[in-house]
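Here the chain labels run A, B and C in written order, and each chain numbers its own residues starting at 1.
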Amino acid sequence: MRARRRREAGRHVLLIGLALIFLVPIYVAVVAASHSAGDLLAAFPYAPGGLLLRNLGRVLIAGFPNAAPVDRMLANSLVMALGISLGKLLISVPAAFAVVFFNFRGRMLVFWLIFITLLLPVEVRFFPTYQITAQLGLLNSYGGLILPLMASATATFLFRQYFLTLPKELADAARIDGVRPLQFLLRIVLPLSRPNLAALFVIEFVYGWNQYLWPLLTTTDTHYQTVVMGMQGMISIASSFGVPQWNLVMAAAILALLPPVLVVVAMQRWFVRGIAAGIN
Amino acid sequence: MRRAQAIAAGFAVMALLAGCGGAAAPASGGTTASGAAAATTTGSSSAIPITFWDAYTGPLGADLQHLVDEFNSSQTQYQVKAVYKGTYPQVLADTIAAYRSHQAPDITMIFDVGTATMMDSQGVYEPVYKLMAQNNIPFATSDFVGAAASYYETAADHLDSLPFASSTPVLYYNKAMLAKINAQPPATWSQMGSVGAALVKSGVKNGFTIGWPDWTQFEQYAVWNAYPYATDDNGYTAVKGVQLLINTKPFVDHINQLAQWQKSGVFIYGGRESTPEPLFLSGKVGMYIDSSASYAAIAKGAKFAFGEAPLPYQNGDANAPQNTVVGGNSLWVMAGEPADVYPGVARFLQFLMSGPSQAYWAANTGYVPISTAGVTALTNQGFYAKNPYAMVAVKELTDKPALPTTRGIRLGDLSQIRDIENAAITAVFANKESAQQALDKAEQQGNAVLAKFASSY
Amino acid sequence: MLQATSPARTRARPAAAPATRAVFPQRALPLALALPQLLVVALFFLWPTYLALREAFINVNAFGLGGRFVGLANFAYVLTTGSYLHALGVTAEFGLIATAARMALGLLLAEQVQQVGRGRAIYRTLFAWTYAVPAAVAGSLWLFIFNPQVGMGGEILAALGVRWNFLLSSSQALAVVISMTVWQLTAYNYLFFTAGLQSLPEDVLEAGALDGAGPSKRFWRITFPMLAPTTFYLSVVNIIFVFFSTFATIDILTQGGPDNGTATLVYRIYQDAFQNANTSVAGAETILLILLVSALTAVQFRFLGRRGYYQ
């Protein structure tokens, strides 16, 4: 009995220790963001200073020279994350519904056209995709930030899998009762899919918010900069001062990571469900 | 009926998607560099907009904006909008991408190493000397300081772009640290070693560090000591068949020497571009080689007295020190813009090369004035008498007329060659390869890049 | 993000005739429903892939002028200049080390949390949140922490006698990059292993306990082998991840340096396409990467078909 309790205590010590190690980078960021730039130059101060709110306020409202203020970037990130997550749901649910509940000519072709995208995420074909986005005049626009990233079938695939688990009798009964397909989708299938919708929303929101390469390529106008891609610009601007403004960079980093982390923590159940979707 | 339902469903989804695309239409003009937005609303609303992409942020960005504002308020016909596009390579990449999608700016700032890539892409730009002639603005290659002109001029001595920000590497030193060991700023590389070692002995962490190592230790090292960097006068007289000479003895010996100093702590490698600057500012090194244009940033960040001295040269070489060349950027005017823009562009460029503009620019930034009018203006203001440090860069550039092999480096895809050089020296400093091995490899890779470039023109 | 390869892909092993619950007879309606997605796929997937194919066989200069057909010359250039093969090696090294570290730590956490009596929910939060941190932001944190000029990690390592300079040492740079992805992505492996552990049949585990084997013996002889499908799945996903989702980390931290020691394949393409404006070369590199990733994905599909104990 005592041995077991000792083992339990040992586990907690190990786990808490590791959890703290995971938190160290955040602590460093908070310490850096609460000092002046000059304080960081000589040696790292291990205790927080008193300038945290001032620095946060400064990047949020004034921002860095030649970059959008961080509040603008956060707003752009929000538009992008919501656009991608909602947009994906919006196109993938009907597509999955079509592939599962209808038997129409061309179904195979549609199926394969959509699911072939699973093979090649945007990171692999970013360069030609960029050329097309440019040709369509979508550089420096929300459409350019959002639409190309919707060309992935992960969500469609997940819904297809889920729809296939619904009993066939459900749809049969609906058809016999004279329920039209769209009514069936809206009144029966969607309410049943709520947990999956939530799970996908969380995952796709984080995916959209965290995009870096794509916004970096397609936005040259500060008006459309997102906060994640903005990190790169902020670092090089901060370094162009003789004393690098790391305190402000760290303040911006804190602001950039808070929204997705909060979403994941608050919607944890759905997040874990989404992550483990391949298993449950 | 069914079909109607189908179409309606399709449209509903499409409409939602379109909402997403509709928001896409960029707000008119779109670009609001934060500095520019506040300052440049003075012109009348009917002014013709001129877009100017640049690579300046921080203190330099403010100085450039000052000039742009001055031009905008000096007339009402045109409104120049300076847009910060990121680092030099980003500006070049964006310019190329924008040109390919027909969204190029009117003026773009291309760094020194992008010169050949631009110059050889005829049709992409309007040669500045022609533009000026068309608009009856007096303009000659001889209006420019020799070193600035020779770096950017074509084989026919014309200027296709307007030399703008020009700097050259110098040696910055911490006055108190050198005084403590009773040393003068080193003039030669061997003195660099001995002073560096003395600094370390006196308790400084490392003797010196080097900014822009590719530019200062290969390109400028070559011309300052009159070693050829590449065949065909460093690429001035040919595009095809040019070969690098960076694995020859002077380069190998030099990199070797730096590697030994790196081992003993006399030298510390601090990264590319100006990233080593904090090492100098925080007193971890006593000497620092970087562009003269870093003067403003260093002056702002240094809490100690510092001085500026000429770049060390390799003693024993008959011609050394020869001359350095400019680095920095020139301004290119893109082709295919609306016709009514070009007269305004020409006037803006004329304004930038004028004596007062150049005097303002050079006095505030640490760049050297590129027009002779600028030098005259500064001299008349007594600037050089009051700020002798500023003469260091000017003298390096102008003391001796350039030899055919020291006019500059005119190689396509030179930025890739710099990447290759950096890879090579980090391999040497990290003790992975000998200087000879690394530079042999770099020479081969660089030659492949040059051949690839030549084959696409 | 890892999400792009999310587990859904493992099931993308559609039978010759895809499964269906087809009951509705309409023909136009389903096409209309699928149309938006098809449009997005055509515009941003099929067309770009075609463009990459075309560009790979012509030679154009930076400004897109002077294109002419050159056959396989671009591929020859890519494969003979060495930097692409070097990038392949870097990608493989990065992939193997990072995968092993993330999985080992993820499994340790999952196993320990599974055993504790109390606080599982709290631990789940404490070990899952890093997955939400954007790679570029995590990279910024690491850049500051390990910066040789101002960094705290640099100071500590130097005090420990390490000659710390990740701007110079490619192995140190790789270590920085890998440690960052371990910090960020252990969460994913942890969550997956947790799900795997929870789905193991109780009776087998209990039988092991009755045998009187010690906990570590039990783990290695019973639990770990039964986790094999999860382990295999995660190893493939983690490796594929390195192929295309490390861009932000590398761009913020090292820009592929020093000595190209952290230039992965995707980073190499970015450099050639955007920094070097060498679109033909980038096209050829993209095609090669597509082939490579497709092959890996095929392996993934093939083996993951054999589902494990749970199901």
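The rule is simple: a contact is a pair of C-beta atoms (placed from the backbone, for glycine too) under 8 Å apart; a residue touches a chain by one contact, two chains touch by 3 or more.
Just so it is clear, the model here is predicted, and its values are computed rather than measured.
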Category of the chain touch graph - line, ring, star, complete, other: complete
Higher-contact pair (C-beta pairs counted), A-B versus A-C: A-C
Distance between the centres, which are taken as Cα means, of chain B and chain A, whole angstrom: 37
Inter-centroid spacing, chain C versus chain A (mean Cα positions, whole Å): 16
Residues of chain A engaged with two or more neighbouring chains: 41, 90-91, 94, 130-131, 147, 182, 244
Shared interface positions of chain B, touching two or more other chains: 5, 9, 13, 17, 97, 100, 275, 278, 282
Shared-contact residues (touching 2 or more other chains) in chain C: 26, 29, 31, 33, 36, 149-150, 274
Chain B - residues contacting chain C, complex: 2-3, 5-7, 9-10, 13-14, 17, 89, 92-93, 96-97, 99-100, 117, 120-121, 123-124, 268-272, 275-276, 278-279, 282, 284, 413, 415-416, 419, 422-424, 426-427, 429-430, 432, 445, 448, 452, 455-457
In the complex, chain C residues that touch chain A: 1, 3-12, 14, 17-27, 29-31, 33-34, 36-38, 40-52, 55, 109, 112-113, 115-117, 119, 123-145, 147, 149-152, 155, 183, 188, 191-192, 195-196, 199, 230, 233, 243-245, 247-248, 251-252, 266, 269-270, 273-274, 279, 282-283, 286, 289-290, 293-294, 297, 310
Residues of chain A defined as touching chain B within the complex: 41-42, 63-69, 79, 83, 87, 90-91, 94, 130-131, 134-135, 137-144, 146-147, 180, 182, 220-224, 233, 236-237, 239-244
Residues of chain C that touch chain B when the two form their complex: 26, 28-29, 31-33, 35-36, 59-66, 77, 81-83, 148-150, 165, 167-170, 257-260, 271, 274-278, 280-281
Residues of chain B touching chain A in the complex: 5, 9, 13, 16-17, 20-27, 30-35, 56-62, 83-87, 94, 97-98, 100-101, 103, 274-275, 277-278, 281-282, 297-302
